[in-house]
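First chain written, first letter: the chains are A, B, C and D, and each begins at residue 1.
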Amino acid sequence: EDFTIGLSNGWVGSEWRTQMIEEAQAAAEKWKDKGVDIKVVVQSANVDVPGQIAHVRNFINQGVDAIIINPNSPTAFDPVFAQAKEDGILVISTDAEVSSEDAIYVGIDQTNWAALSAQWLADTLEGSGQVVAINGVAGHPANEMRIAGYTSVFDQYPDIKVVNEVNANWDQAQGQQAMQNLLATYPDIDGVWVQDGMAAGAWRSLMDAGKAGEVAATGEIRKDFIDLWVKNDFTSGASVNPPGVMASALNVAVFMLKGRELKEPASAGQYKNAMYLPIPFIDGDNVETVAKELEGKPGFYSYTSALSIDEAEAYFK
Amino acid sequence: MSRLKLQQICKYYGATTALASGDLLLERGEIHVLIGANGSGKSTLCKVIAGSVRPDGGTFELNGKPVMLFGPQAAREMGICLFYQELSLANSLSIAQNINLYHLPTHAGGLIDDAELNKRAEHYISKFETVIGEGFTPDAPVAKLRPDQKQLVEIMKTLASEAEILIFDEPTSALDRSQVECFFSILRELKEEGRSIIFISHRMDEIFDIADRITVIRDGTTVSSRLIEETDHSTVIRDMIGEQPEAAALEASLAPQAEKKTESCLVAEGLSGAHIRNVGFSLAKGEILGLGGLHGQGQSTLLRTLFGAEKLQSGTLLLNGEAVHPTNPRAAIKNGFSYVSGDRVRDGVITGRSIMENVSPIHFLKDKTFLAFPSVLARIIEPALGALNTKYSSLGASISSLSGGNQQKVVIARWLTNPPDILLLDDPTKGIDLSAKSELFALVRKLADEGMAIILYSSEDGELLAHSDRILVFNNGSVSRELLGEDKTRFNLYEAAYSGAQ
Amino acid sequence: MTIMQHSNPQESRSALFVYLKNPLLVAFILIVLLLTAGEALSPGFASMEQILRLLIVAALLGIVAAGQNLVILGGREGIDLSVGGVVSLSAVLAGNVMDGSNANIIAAILVCLAAGGLVGLINGVGVTIFGIPPLVMTLGMLGVLQGLLVVIRQGIPSGLAAPALANFVSKPFLFNLPGIIWLWAAVGLLMAFLLMRTSLGHKIYAIGSNENAAYMAGVPVRLIRIMLFALSSMFAALAGICILGYSGTSFANVGDSYMLSSIIAVVLGGTPLSGGKGGYTGTMAGAFLLILMQSILTTLSIGESGRQVVFGLTLLVLLLFYGRSKALRG
Amino acid sequence: MTKAISFKSRMATLLRRFPFIPALGMLMLLFILNGIAEPNSMTVRALKGVASTYLALVFLSVGQTFVVYTADIDLSVGAILSLVNVSIVVIMSQFGGEPYVVLLALGAGIAIGALCGLMNGIVVSGLRMQAIVATFATSILISGIALWVLPVAGMPAPSLFWKVYGGRSYGIPNVFFFIAILIALLAIMAKTGLVTKLLAVGNGQLSAYQSGLSVTRIRIYGYIICGIFAALAAFCITGDTASGDPLVGGAMTLSSVAAVVLGGTALSGGIGSAFGSAIGAIIIGLISSLVFYAGVPSQWQNLAQGATILVVLMLGVLASKRINQ
């Protein structure tokens, strides 16, 4: 058997995305042992929404069997995915959900991802305290789902007050500056809920202000941050959105191409087309184990996990 | 009732008074000349009339009624159109588009009517048919034209307004004799039609050729206004310069015929380039070599080529016996060349910067100085400015606060901090007033007497005849005749210039 | 012409106006006003420590803006859109070379400045020798740098700042001020000296004001312009190193926000984009002003859309004070 | 010798009238290369795909051209596109997807685009601020409003809307008709006095003013036209994506500037063609597909794309210069 699978990534501004592609490529290699020859074609570059729609059209022209996409927009691909489906192409989105009924989503539930770390924060603060939130790009769907996630948790705690929410555009230095400005305005905060990509920056400002010991804040999964966490014994907790999601999606895709049927159809999430993967969690209890696992990796390497071929098969009839 | 009546118009730019009390009475069917030294406020007065400068005071009446202008468009609506000294052309547009820019002819649907556009343009172009030169077609872009051709387009554009009041602010500064004559005959026709014309020029013979009335402005104030019959050269000059009668004798002060210099320092053979062909000459120390002929025959190209600003395709150049190949101005300057252009806006003035910064570059280059402390620089710069009687408030003042003539002096002073061996003058007095001219040429002669070798191109034949020791007459890129000694007369100059011309 | 010794009607009226037209003064007045407003909105905002932290962030922007300032001063639509890319490139390179060790700092600085210099050289050559408009050349270069970053990051370890560098940026260094602030002050002095007391400064202004006249006066126009682009990239590279110190680790998109904000800082500082006039002191004030504004906005709880609207409007109002072109009617 | 010169000057005249000729050559070349690398990219369906994907950038770049004509620039086009996109989607979903609502929404979209253009024009031309920084400031403002109109991407557009955009009439994809209409529109616009006046202003504001043109107003018109084309671009994006996204245009602004340059319009104003910008926009698209079809490994794709665009930009500028000399 052989299949051609197109991978599309429309933003290369973070190492997480590069790792995502590499893991997916590595996952494809593993199918050789099973006698399946998978040819992966990749489009990964900074493009705008039309540019990424063009990615999909290029794949269609090439006649790939499946497309796996980390989309720049949740809704913009509906028409072009419909076209792909007409051509009998399987479309899977990962990392961010899409509204198209012609595609399925394989990845983590971003809302739950945020809720988990918000829950950790609420527990750590024992249900009361002043909290600030530092978010990514306003208007970006993943960002808004994450806001919904932590809001749903904090709403259950009348004594937890979210005093301010700011955007730092998933940029570490902007996260650091935002934290610094928040500290100047709210010197008495107890907790920080901050998204990955900016948590390391926020923690740096906490350290500079001498508050690292007093404040609980969410963390992230890059190796350099995990090392800092262990070394300074932060009070932190991080939900893991593993860059391996695309590899997981690829394994799922291959089974579907082989004609296998899911035990439970992908029907979760707001668009009723999602298949959610488990979300690992790192906190004080396991951070040292994680740190050991990451030894020898580059600083920007993210803690990861992916469905192995066998694990993926378990989802199928 | 006068057509136009201006009284006590004033205009200030910060601390500079551009116009203190401008008065003007313009009648129907007259050619009214405005004259005055550089910076006396002529252009400012014209711009006030044409709406592009907002006056700070004074009264303005058109046909007996006071008017308030809100801009050039309003002036155009009232039948006033100005030829701008600095030109007002859109370079990438065609000649026809430029001529018709204000009233683009359109079809019923509102789209441009190209046929009509070209027809109207042709109408004005045809008036100059004999003197426009090559490449002057309605659809040619203005960018490709020579300076005199651009000036002609601006003239046509002004004429195309068919305005009742036409103002020409130095329209002839780049034109040669035949072009001027053609233009003047058109002006006379317009006058016959009853239009009112204001005309500005620094060329005295032109003025007396065309004027019905001459109004003199000095230091921003109108000082006299006389009918042509009631005045003469020396009266005008006296009015212009006030209490300095000796300058009036200027026209008479033809330079003494210098004796033939022998020690040649620059020898050129077979120079060819973009607009010059096979030019050869030798230049001696202490000599002022004049370049004559009609406009655009390669004179300024030769100067720019010698200075490295234009490509030399073939030929040899010996400087004090050694071969040099001018590749760029920087190298030329290091070899002892210097160059003063009449186009100071393009080639000379470092706009908006201080007088000091405008003088310093050559000093930096020749002395290889890196530090620039104002007090140290002042000691070098002040004498250079002084040698030309430059008027300025302080070295730190912006050069834009000076009048054209004084700006030109600053640009020339740049070369005097570290005097060159060879001075190339490319129509250096274009748009400079009479007293500045005489000061400049006195200095040039002095520099020559001190041993500097000088090449002078001037678009004013009188100037050329008066100040050069020898004249090379150019025709179509090459030297058609050399005039020296007794031969150096206006007659010979014209004959050589015109007879070779095609 | 006449230079009026006595006062004319406009002169006395315009005295106040002249002061209001001094960008430096306006910037300082605005800084004081904003600090007061910030303090009123949230007490403690104008504390010494907070101002110091803002200064650190402003210094990072200010150093990028120094290069931007030079390119803009040099005229001919000079602008450098590639500075953000160079900042990112330099931060990533510095992190990789340093690998968290003080011993490698010098090497990292040399590598980054060389890389920056090379990028600037290419920009400069493209602009001067090939005659590509700066906006186009540096926009194209930005795309190249973004691509280069993806390539460079493949499998190269680390990205950690050396401890000494991190301390230099955020810990007190001399008289209780962090080293980065001293560095910024030094950049300020150097720029002021360069622009006002050297022949190079005169030449930069000359090519910015009238390139052709400068050329005819023997100024090596192309050489100087190439130098300006090289300096711009080198300042951006220097800032990239400092930003690595500020954030401790390098990450890919670190420089993105510097592209347009460095231009705004220069303009707020009174250097018009047309070049040939202005200077760096104003730019320093402009950089601080911009950071201060952003910081006050972060602390307002008005939601991101509200913040953007307020920021946009504030910028527009500020720009009214600066670098407006002259009216066409004199 | 004389023959060569006259050939050159004929080329120069030709190029002055049609400044997009080098871009057209580049476009042909890219089509051929794409076709060699992936023959399927030459099918009608693929061409329709290219057209529907890049029509938005085409309109955006065309709009940008009218501003660049006067030597101005508009860094807010992407934000305007986003604002119009979310506005029309919100209007259509509020009032249902009936044809008259769709038309109403389109009318509102054009009005919003024109208003944004008017604001830019007033700020840049009326208040005489520097275009680059002032339109950057307005872009922040406009993005803020877009976020307020639709805080998160995702609202679907009615099917009528995108079915028309993606559909066919008489067997021919509708986007091809839109392109034909655009070309006709541009041909007509090029003959209007306004374009000549925009170019005259681009040649020199003072000269144009002194010639009696209302420079301020003409520049404002340029911005308004640009805003309207940004709105048309938003219609295309909405047609191709069938949804609203407050961030959708952000990354397109700089591409529109690049497209304008690729099309042979000088950023210094006074010379150029809007048609060229349309070609430039497609060139940008074809470069990124070529990089993929040619099999460039993923980590090199961004670099290959960036470097190719830089080289093509340089070649384009050099070509226009050479022939103009």
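In the analysis below, a contact is a pair of C-beta atoms (placed from the backbone, for glycine too) under 8 Å apart; a residue touches a chain by one contact, two chains touch by 3 or more.
Bear in mind that the values here come from a model prediction, so they are computed numbers and not experimental data.
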item	value
Set of chains adjacent to chain B and to chain D	C
Approximate Å spacing (C-alpha centroids) for the pair chain B, chain C	42
Cα-centroid distance, chain A relative to chain B, in whole angstrom	71
Where chain C and chain D are represented by their mean Cα positions, the distance between them in whole Å	30
Distance from chain C to chain A - Cα centre to Cα centre, in angstrom	34
Sequence positions of chain B contacting 2 or more other chains	52, 71
Where chain C touches two or more other chains, by residue	146-147, 150, 154, 304-305, 307, 328-329
Touching two or more other chains - residues of chain D	147, 151, 206, 209, 299, 301-302, 305
In contact (per the touch rule at the top): chain pairs	A-C, A-D, B-C, B-D, C-D
Contacting residues of chain A [partner chain C, same complex]	12-15, 18, 44-46, 138-139, 163-167, 169-174, 176-178, 180-182, 184-187, 197, 200-201, 204, 208, 222, 224-225, 228, 298-300
In the complex, chain C residues that touch chain A	41-42, 44-45, 47, 49-50, 53, 57, 95, 146-147, 149-150, 153-160, 170, 243, 246-254, 256-257, 294-295, 298-299, 301, 303-305, 307
Touching residues on chain D, where the partner in the complex is chain C	123, 127-130, 132-134, 136-145, 147-148, 151, 205-206, 209, 215-216, 254, 257-258, 261, 266-268, 299-307, 309-310, 313-314, 317-318, 321
Parts of chain D lying in touch with chain A, wherever the complex brings them together	38, 40-41, 43, 46, 49-50, 53-54, 56-57, 146-147, 150-156, 162, 166, 237, 240-252, 255, 285, 288-289, 291-293, 297-299, 301-302, 305
Complex interface listing, chain B residues touching chain D	50, 52, 71-73, 75-76, 82, 84, 87-93, 97, 101-102, 104, 106, 110-112, 139, 141, 157
